[in-house]
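Below you'll find the structure I mean.
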Amino acid sequence: MDDDSRAKHWEHRTEIPLFVAALVYLAAYATHVLATDMPAVWHAVCLSVTFGLWLVFAADYVVRWRLSGQGLRFVPTHMLHTVVVLLPLLRPLRIVRLYEAVQRRSGQPRLSLHARVISYAGLSTVLLAFSGSLAVYQAERGAPGATMHTFGDAVWWAASTLTTVGYGDVTPVTPLGRVIATGMMIGGLALLGAVTGSFSSWLMRTFYREGDEKPPGS
Amino acid sequence: MDDDSRAKHWEHRTEIPLFVAALVYLAAYATHVLATDMPAVWHAVCLSVTFGLWLVFAADYVVRWRLSGQGLRFVPTHMLHTVVVLLPLLRPLRIVRLYEAVQRRSGQPRLSLHARVISYAGLSTVLLAFSGSLAVYQAERGAPGATMHTFGDAVWWAASTLTTVGYGDVTPVTPLGRVIATGMMIGGLALLGAVTGSFSSWLMRTFYREGDEKPPGS
Amino acid sequence: MDDDSRAKHWEHRTEIPLFVAALVYLAAYATHVLATDMPAVWHAVCLSVTFGLWLVFAADYVVRWRLSGQGLRFVPTHMLHTVVVLLPLLRPLRIVRLYEAVQRRSGQPRLSLHARVISYAGLSTVLLAFSGSLAVYQAERGAPGATMHTFGDAVWWAASTLTTVGYGDVTPVTPLGRVIATGMMIGGLALLGAVTGSFSSWLMRTFYREGDEKPPGS
Amino acid sequence: MDDDSRAKHWEHRTEIPLFVAALVYLAAYATHVLATDMPAVWHAVCLSVTFGLWLVFAADYVVRWRLSGQGLRFVPTHMLHTVVVLLPLLRPLRIVRLYEAVQRRSGQPRLSLHARVISYAGLSTVLLAFSGSLAVYQAERGAPGATMHTFGDAVWWAASTLTTVGYGDVTPVTPLGRVIATGMMIGGLALLGAVTGSFSSWLMRTFYREGDEKPPGS
């Protein structure tokens, strides 16, 4: 069995367990941040789960790296993979792989490219908003002069930030909160551009399709 | 008469009445929200009209579904239709259908695709701004700490939100108001992208047309 | 002499005088708004000039309409012309015509389409910012609760609005100011989209040209 | 040796020294602005270095102009060069030239156009944010009513401005600060459009590449 097929085999076997692990990671982190009146022992459990799963993700990354036989060239060619090891809250972004794996097995016709881009980018934006709200909320909670008092405030702030509206009624005031916020602004702009661009053209196509006409651009 | 032609027949017959019903719905809702010193009985009338018309819209949706003979596949292929049943304030967006129906009968030459996209997206943005202002104003009015005191404030807020300027001098503070606002940000970004993109290219074409030249990109 | 050539003749003869008139109009209006400690008689002069020139613009519009022989179809096909009659502050936007008229006579090679779009859209944005600042400043000045105290504030507000940044440290509070502001947001978004899009692609081309390479997309 | 080859020779010899000078310029300016408790003599050194290097940049510009033999046409065809002489803080933008010079010598395969545009535009945005923060911070520091108290505030303000989010919790209040801010809004919009557009399409390609599929648009 050569390197390439071993890498494929590893990927094939770990895809679904790792995706479940990513959801557990997100849930454990969210529980830690949001369930403030939970007994201390449960907080310890949540933190252990998040740390343990991060070790699993790192191990998976190392195994793939070794199996790829690419040396340092692995990092630039697997950029997304590298990013989600460093920022595991974004790991569920890899759902696109799971979706494709499932569809390949079932042999069903795939969604159109259009629909895939919209659902994927939309899902990513929601995930970015949720993860970012959690992380910024944890950084801001209880800071002196904070304007972000509840998790609802954090979600509202994330929505106004990712759409670049930026009311400024709720803003992070701590250095860590602002660093995460800057990352969200940049990542969000790119994803949102993809979402709105696709949505806008989908809307046009929908109207023309309903009118029994050839959609524009086809 | 087969399913397909019956569906077309139903559509042909209901298009204009349903559009009028959508305008009545919007007017009744606006009256309920804005006419605060109207006798209670008139408020009851407005609410009955909005609820009754919503039942009509839902019934129309069910009939079309049955006539289409598509089963569950009807929902994704008639996404816009599904959205306007859930959010009837946006129903006048279907005006594009009415416009096309009228033009098909009169046999007049259609507007250019360019002009249709601009008028439709512009109209939708205005409608989204008006409906959203109404709904957010109803949610915010009288809330403690609200910055939105009059309907004028709500319209001003909607304009600064849909253009993504987001001054933040007027912002929703209630959970319901913020949920509606988030929907407006997302929907508005997409529509506005279409409006400004088309407007910008229309502007360019206008100038070149006036200069007796071939427009760019043609 | 047929209608068409008479229309062309009229245009040829009035182009430069009308452009000068537009600049005088803008200057008179700016003087009226900004020179607050000018004697009352001069204010009266400025207002007479603006009103008189507006009559001239309206007369020119009527003459062209009659000469065009197009009837009501003149309005949609001369949209920009119609807009600048209603909002004469934007009239200098027609500078593109003057520029073309001058170049046609001198026979010099025209700028590339790229450079023309950038200069025109950039100029229009500056003009929109200046005219809008003037109009909003006049509406806001002295209003109770106004945050726009000097003309500098108004220009700063216009810059943050036209770029959709929207800090909200300075915002219009009067109904008239907000109506003008909404118009600026919409018009500005479209123009700015054209400016930044062209600028961004020009920047890329510049770098590649300096590197003695074929620019991308050519 | 004709003009053209002498111009190339000059460029070849000065590229790396000038780039190092640009970095020294930026470092000296940053030290002057940020190291507030440095002895006065060091401030004088920093200022002398910035002024001296500016003279060097101006001299280089004049030499190239003379060698080009283009007369006044040199200015529009070397726009970027002209801009960085006037605003030397932006000079490191010319790093693209250095990068190309190095690569030409080493003969390595160049990055794809896609990757070059992203890295260059991303780098420029970071540089614009850093230089702008420095300049605005210098103008705002200690101004009455300033909301920008630390350099961290200035960087946070720059991030929210360049992404057009514009919270407005930190804003310049001095005329000079606002002029620089307006320049940043305009330049940043264009660069950011390039960054996010490229990033968004890169993200899509990455996902599809990882799925062993042909990327969209190729």
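Chains here go by letter, A, B, C and D, matching the order in which they are written, and residues are numbered from 1 within each.
The working rule: a contact is a pair of C-beta atoms (placed from the backbone, for glycine too) under 8 Å apart; a residue touches a chain by one contact, two chains touch by 3 or more.
What you see is a predicted model; the values in this text were computed from it and never measured.
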- Task: Taking CA centroids for every chain, report which one is farthest away from chain B.
- Result: D
- Message: On C-alpha atoms alone, could you tell me the rotation angle mapping chain C onto chain D? Nearest 5 degrees is fine.
- Response: 90
- Where among B-D, A-B or A-C does the A-D interface show up again, with more than half of the contact pairs the same? A-B
- For the pair chain B and chain C, the C-alpha centroid-to-centroid distance in angstrom is 31
- Using mean C-alpha positions as chain centres, tell me how far chain B is from chain D in Å, no decimals. 44
- Note on the structure: Residues of chain B that touch two or more other chains sit at 164-168
- Query: So how do the chains connect up here, line, ring, star, complete, or something else (other)?
  - Reply: complete
- Can you name the residues of chain B that touch chain A in the complex? 77-81, 96-97, 100, 113, 117, 120, 161, 164-168, 171, 175, 178, 181-182, 185-186, 189-191, 193-194
- Item | Residues of chain C that touch chain D when the two form their complex | 152, 156, 159-160, 163-169, 192, 195-197, 199-200, 203-204, 206-207, 209-211, 216
- Residue ranges of chain C in contact with chain A within the complex: 164-168
